[in-house]
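Shared chain: subunit A. Partners: subunit B in the first complex, subunit C in the second.
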Partner chain A sequence: MAFGDLIFVFVFLPVCLLLYILTPGKFSNVLLLIFSLLFFAWGTPEYLVLMLCSLAFNYAAGREISALRASGRRVLPNIVLITSVLADLALLGYWKYAGFLLETVNAVFGTSFAARELPLPVGLSFFTFSLISYLADIRRGKTEGAKDPLTFALFVTFFPKLASGPIVAYPEMEEQLAHHPFTWRQFGAGARCFLVGLSKKILLANTLADTFYTLSAVPPEELTAASAWLCALSYAFMLYFDFSGYSDMAVGLGRMFGFRLPKNFDYPYLSSSISEFWRRWHITLGAWFREYVYIPLGGSRVHPFRIFLNLMVVWLLTGLWHGAGSTFLIWGLYHGTLVVLEKLVLDNVLEKIPKPIRIAVTFLLVVVGWVFFFSQTPVEALTRLSRMFFFGGAADGAAAYYAFGALRPLLLGVLAALPLGARLGTELARRGQPWTLLSVFYFAALFLLCVAGMMNETYSASLYAQF
Partner chain B sequence: MEQPNRPRRETPARRESPPARQPSRTAAPRPLPNPREARKQARLRALQRQSTWTGVLFLAAVLTLSLLSLALPDRDFSPAENRRLKQFPSFSVSGLLGGSYFSDWTDYTAEQFAGRDHWITLELKFRQLLGAQEANGVLLCKDGYLMEPPVEPDESAVRKNRDAVNAFAARHPELSVSMAVVPTAAYILSDKLPGNVPVRDQHADITAFASRLQNVQFIDVSDALLARSAEPLYYKTDHHWTTLGARAAFEAMAPALGIDASGMQYETYTVSGNFEGTLAAKSGCRDVQDTIEIAVPETDVLFYRVNEGDPTRFATLYDDASLSGNDQYALFLGGNAARVDVTTTAETGRTLLLFKDSYANCLMQFLYPHFDRIILIDPRYYYSTADDLLLRESVTDVLFLYNANTFFEDRSLCEVLGP
Partner chain C sequence: MKSKLIALEALRWLAAALAVLFILFLLGSTPDPAIPFETVEQAAVSQFDLSDVQPGDTAMLRRLYGLSSTDYEGVLFYYPASNMGADELLVLKLADESQSAAVSEAISKRLETQRDSFDGYGAEQFALLTDHAAVEIRGVYVLFAVCENEQAVRESFLNAL
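And then the complex of A and B:
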């Protein structure tokens, strides 16, 4: 079940909301937990037991680390932490990377181990990271962890963030888990955020997906420069609206139930450097890697060579997290290299370049990165890039046809990737009636178009749901 | 827009202190609010008003649509989509554990949603507004035409069929064997295609195929159809040709088939004005309805038709009941049967064995007065072999008639033609 499914918006959400409004405060967490587990079990009910075991195990580990820390032990908490984290990673590895690993082994040693095709548990990559941060935060004394197992279970499985984040650290949610009253104002703000996200996903991402999937079906060596760019650009905007839309929906849903989830995107395509891009794209993932990988490795306070090494480790893992495959690995290393270059070499040079040019160059570099991200093999990615940079014709009739279909969605995409809409909304609200009402009807119109779009979408699931 | 030169606050710092950004009702009021602060407060209150309204309207819309979907009776069948719709899933433990219960419920919600067809139309309009020129693989062409793009020939299937046809013709030198692969609308009406749309050259595929036939007379009807492409040769909403298209092709084929039809007159009748064909269903585009015409030859030849599996002898080529059903093209011969026999009083001494797809169903109006008997075989549903049939029937002529899109993906003809 995805947030853009009719069953979610018209069955799951209203039932959950009505029960939540009617349920007395002290039972509201239990209710949310039940619905979260239902959300988890919807696609893959066979994993519910696995999820419950993982919750029990990590809850116990958290309690243990907390108790050992309180009794002043120094080494034992680390041992418990490391074994539990390894266990969590083993689960992630088994479901997500076993296939890739076996493929690599087969390729290197000429063996033929067959990988089992297993569906991924919903949000596996996301909740594993939540669990690791939870245990690490207890070890570091940032929190004592949850005393109540139900609270802990809700922290991990809370359905707005379960499938695709944002990845929240326990200390950030601790207070909210104890107190998250329903108010109409919060609900409304959440609904607005949800509608913005839904529109991004259904109206923009899915429309751009049409162009992208048509173009990506053309053999790359037959593409002209114009078509190759259209393909890459439609992917860049499709991915942004798909994922940021999903994150907006998550934040909005959280808010409907009185939670404040951190935002995941901050107009990333307006970044003026790759480092900045990663502070504005999938913010909570970047923060997680900084907090739990980069800084423990020594961060920036070590010898430049170690910084380089640390950064490369982080980016290698970032690439792998997005998918088990060599193209993701290359994509991660590509971004890592750019970040290292910016940090260690170009720091002073970049300052002198006018900002619009930096934004344009950063965007181009990001789009080149996406080509690796969406290509099936590194060779395909290189073919596409060579086509983009005019090692084939510049344009042909087909490109004109594709451009006709992609132009308006892309223009809308560019507008929506700027903070214009949000400012317009605030401005309208500020002017008072009838403008406020008008802005409300604007959201209503968007919602109706989304329903139409959802009706047409039984096949296009959120791109990030599988990561 | 952000001033380009204004220094930005570092993003991490902003993230670490969310409360500073977030409106908080409990913040203590400042003793002396400056104008700037007052404006900020006003903006905040306005946004909160907007929020509340949006929330109320959102919940109202969600509840209205869910309750409406619940209240309206479920449909068994969707004429628009031409398929059965999901019914409310019955609960079972195995369904629950296997995941099918949840996925059935997901499908049920979508398929029984209030006003489903209207939502899909709205979606298509929105897409077209944004510049979409195809929907679900159907090209949205000029003048309300819907067309399927020419398929890419399935090389191995085409080779197998070609070898089988050649071998069949070589085995039966006593028969006069002809073949026609009819181009589809996307080739004949290419001026109606969306501008610059990249489609295959279907005629090149047809000629490439025809050039390697042996002992088979290939009849290219493309030029005859192209010459009359200003007339409605194809339905706008369906992948078939019209009676007029079949007639244009027949007149081009007749000399090659040894038929003299020059003096034949036809009485035409319009039998339907509300035909929405397969392409309308596939694309969801319902702007246009087609008319169906039939052509009745002015001849004394009588005939009866027998469809396999039904002992009835029909004295007509048409199945009127289909006009009130969902697929009105089934008017011709009552749709695709594995085998149809048409026996006539023509007394020409000729029996035609016709291997065909649904394009031939409409062509029969023009063929029947010229043969004593016509045996139509649809290899997609026919499970015996051609040689077997030839042992039992005294056939003089053989015709293979397909449209290019079906033929270039067909895997059944070679099975029927045998080794």
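And then the complex of A and C:
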């Protein structure tokens, strides 16, 4: 089940909300946990067993680390932490990387091992990172962890953030888990946020997907520069609206239930450097790697060569987090190299370049990166890039045809990637009553358009859910 | 304190052991992904009457299912030859099993859309879609067949795995 599915919008969410409003506060966490487990088990109910095992394992580990730490032990909490994190990573590794590892072994040694892969549990990458941060935060004394197993289970499985994040650390949610009253004001704000996200997903991402999937099916060597660019740009905006739409929906859903989840995007395509891009794109993943990998490795307070190494480790892992494949690895290292260059070499030079040029160059570099991200193999990515940079024809009739079809969603995409809508909304809210009424009609119209789009679409899962 | 720690450690090991056993159980019930796609598609087609369907291309798969054929290792797709037809055959070999949830949902939605189209309008087609639709997802192999003899198609598909 995805947030953009009719069954979610018209059955799951209203039923959950209605029961949530009717349920006394002390039982609200139990209710949310039941619905979260239902959401998790929707497509693959057999994995409920696995989730319950993981919850029991990590709850026990958290309590153990907390108790050992309180008793002044130094080594044992580390042992429990390391073995637990390794177990969590083993689970993630099995599902995401076993096939890739066997393929690599087969390619190197000429063997023919076949991986028996299983469907990916919903949100595995996201909740594994939540679990690791939970245990690490207890070890570092940032929290004592959840004493109540149900509270812990809700922290891990809370359905708005389960499938595609945002990745939230336990200390950020600790107080909210104890107290998250329903208010109509919060509900209204959450519903607006959810609708903005739904519109991004259904009206923009899904429309751009038609162009992207049609063009990506054309063999790369047959692409002209125009169609190769159109394909890459469609993907860049489709991915942004897909994932930021899902994140907005997650934040909106959280608010409906009285939770404040962190935002995951901040107009990333307006970034004037790659480092800034990563402070604006998938913010909570970047923060996670900074907090639990980069800083423990020494961060920026070490020798420049160590900074270089630390950054490359972080970016290698970022690439791997997105998927087990050479293209993801290259994509991660590509961004790592750019960040290192900015940090260690170009820091002073960049400041002297006018901001609009920096934004344009950053966007271009990001789009080049996306070509590796969506290509199946490095050779395919290089072929696409060679076509983009005119090692083929400039344009053909097919490119003009697709460009005509994609023009409207792409232009809308460019406008929606700017903070114009948010500024307009704030301005309308500031002006008071008649404008508030206008905004109600605006959101109602958006909702109707989304419903029409959802009825046409067969499946609306987030692209990031597969990571 | 000591007994509490022992209990927590026991719970941790018990949960880990259960998870491993559960994964082994799941693996035991999954077919070998090395079976060639041609074998599986031939098995399904051999029992399917192709006279009322036409082959679908990438754009049609995207339009009807929201799926991109380049995401899969193997695709065999036939859709109704006329607007009044409901027979359909889709056989996929997934690139990996992480795709199965999305594919399963896409198939459910396609079936639902088709049923809605014929509900109160084409009784025969509605009955076909309700009583003669076969959906099987075994490992990386997926079958969706709507036809009178869907049981034979299903059995042939499963026998090939």
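Operating definition for what follows: the second predicted complex is superposed on the first by the 464 of 467 C-alpha atoms of A that agree within 3 Å, B and C clash if a C-alpha of one lies under 4 Å from a C-alpha of the other, contacts with A are read in each partner's own complex, and residues count from 1 in each chain.
Here, a residue touches a chain if its C-beta (ideal position, glycine included) is under 8 Å from a C-beta of that chain, and two chains touch if they have at least 3 such contacts.
Just so it is clear, the model here is predicted, and its values are computed rather than measured.
**Q** Mind checking subunit B and subunit C on superposed subunit A, clash or fit?
**A** clash
**Q** Contacts for A:L437 in the overlay, against subunit B (first) and subunit C (second): which applies, first, second, both or neither?
**A** A:L437: touches subunit B, not subunit C.
**Q** What is the contact status of A:S71 with respect to subunit B (first) and subunit C (second): first, second, both, or neither?
**A** Only subunit C; A:S71 stays clear of subunit B.
**Q** Give one of first, second, both or neither to describe whether A:E46 is in contact with subunit B, with subunit C, with both, or with none.
**A** both
**Q** Thinking of the overlay built on chain A, is A:R192 touched by subunit B (first), by subunit C (second), by both, or by neither?
**A** A:R192: touches subunit B, not subunit C.
**Q** Looking at the overlay, what does A:R280 touch: subunit B (first), subunit C (second), both, or neither?
**A** A:R280 sits against subunit B, while subunit C stays out of touch.
**Q** Going by the touch definition up top, name the partner, subunit B or subunit C, that contacts more of subunit A.
**A** B
**Q** Should A:Y213 be classified as contacting the first partner (subunit B), the second (subunit C), both, or neither?
**A** Only subunit C is touched by A:Y213; subunit B is not.
**Q** Where on subunit A do the contacts with subunit B and the contacts with subunit C coincide?
**A** Correct list for subunit A: 1, 5, 43-44, 46, 210, 458.
**Q** Once bound in the complex, which stretches of subunit A touch subunit B?
**A** Its residues touching subunit B are 1, 5-7, 9-11, 13-14, 17, 41-46, 184-192, 194-195, 203, 207, 210, 260, 262, 266, 270, 276, 279-280, 283, 287, 354-356, 397-398, 400-401, 404-409, 412, 418-419, 425-426, 428-432, 436-437, 439-440, 443-444, 447-449, 451-456, 458.
**Q** Across the complex, what residues on subunit A touch subunit C?
**A** Where subunit A meets subunit C, its residues are 1-2, 5, 43-44, 46, 49-50, 53-54, 56-57, 59-61, 63-64, 67-68, 71, 80, 84, 87, 91, 94-96, 99, 112, 114-120, 122, 210, 213-214, 216-217, 376, 457-461, 466.
**Q** Which part of subunit C faces subunit A closely enough to touch in the complex?
**A** Touch list, subunit C to subunit A: 1, 4-5, 8-9, 11-12, 14-16, 18-19, 22-23, 26-27, 30, 32-34, 58-59, 62, 64-70, 96-102, 104-106, 109-110, 113, 139-140.
**Q** Which stretch or stretches of subunit B touch subunit A in the complex?
**A** Result: residues 1-2, 4-5, 10-12, 15, 18, 22, 42-43, 46-59, 61-63, 65-66, 69, 96-99, 102, 105-107, 109-110, 113, 116, 119-120, 122-123, 126-127, 129-134, 194-198, 284 of subunit B touch subunit A.
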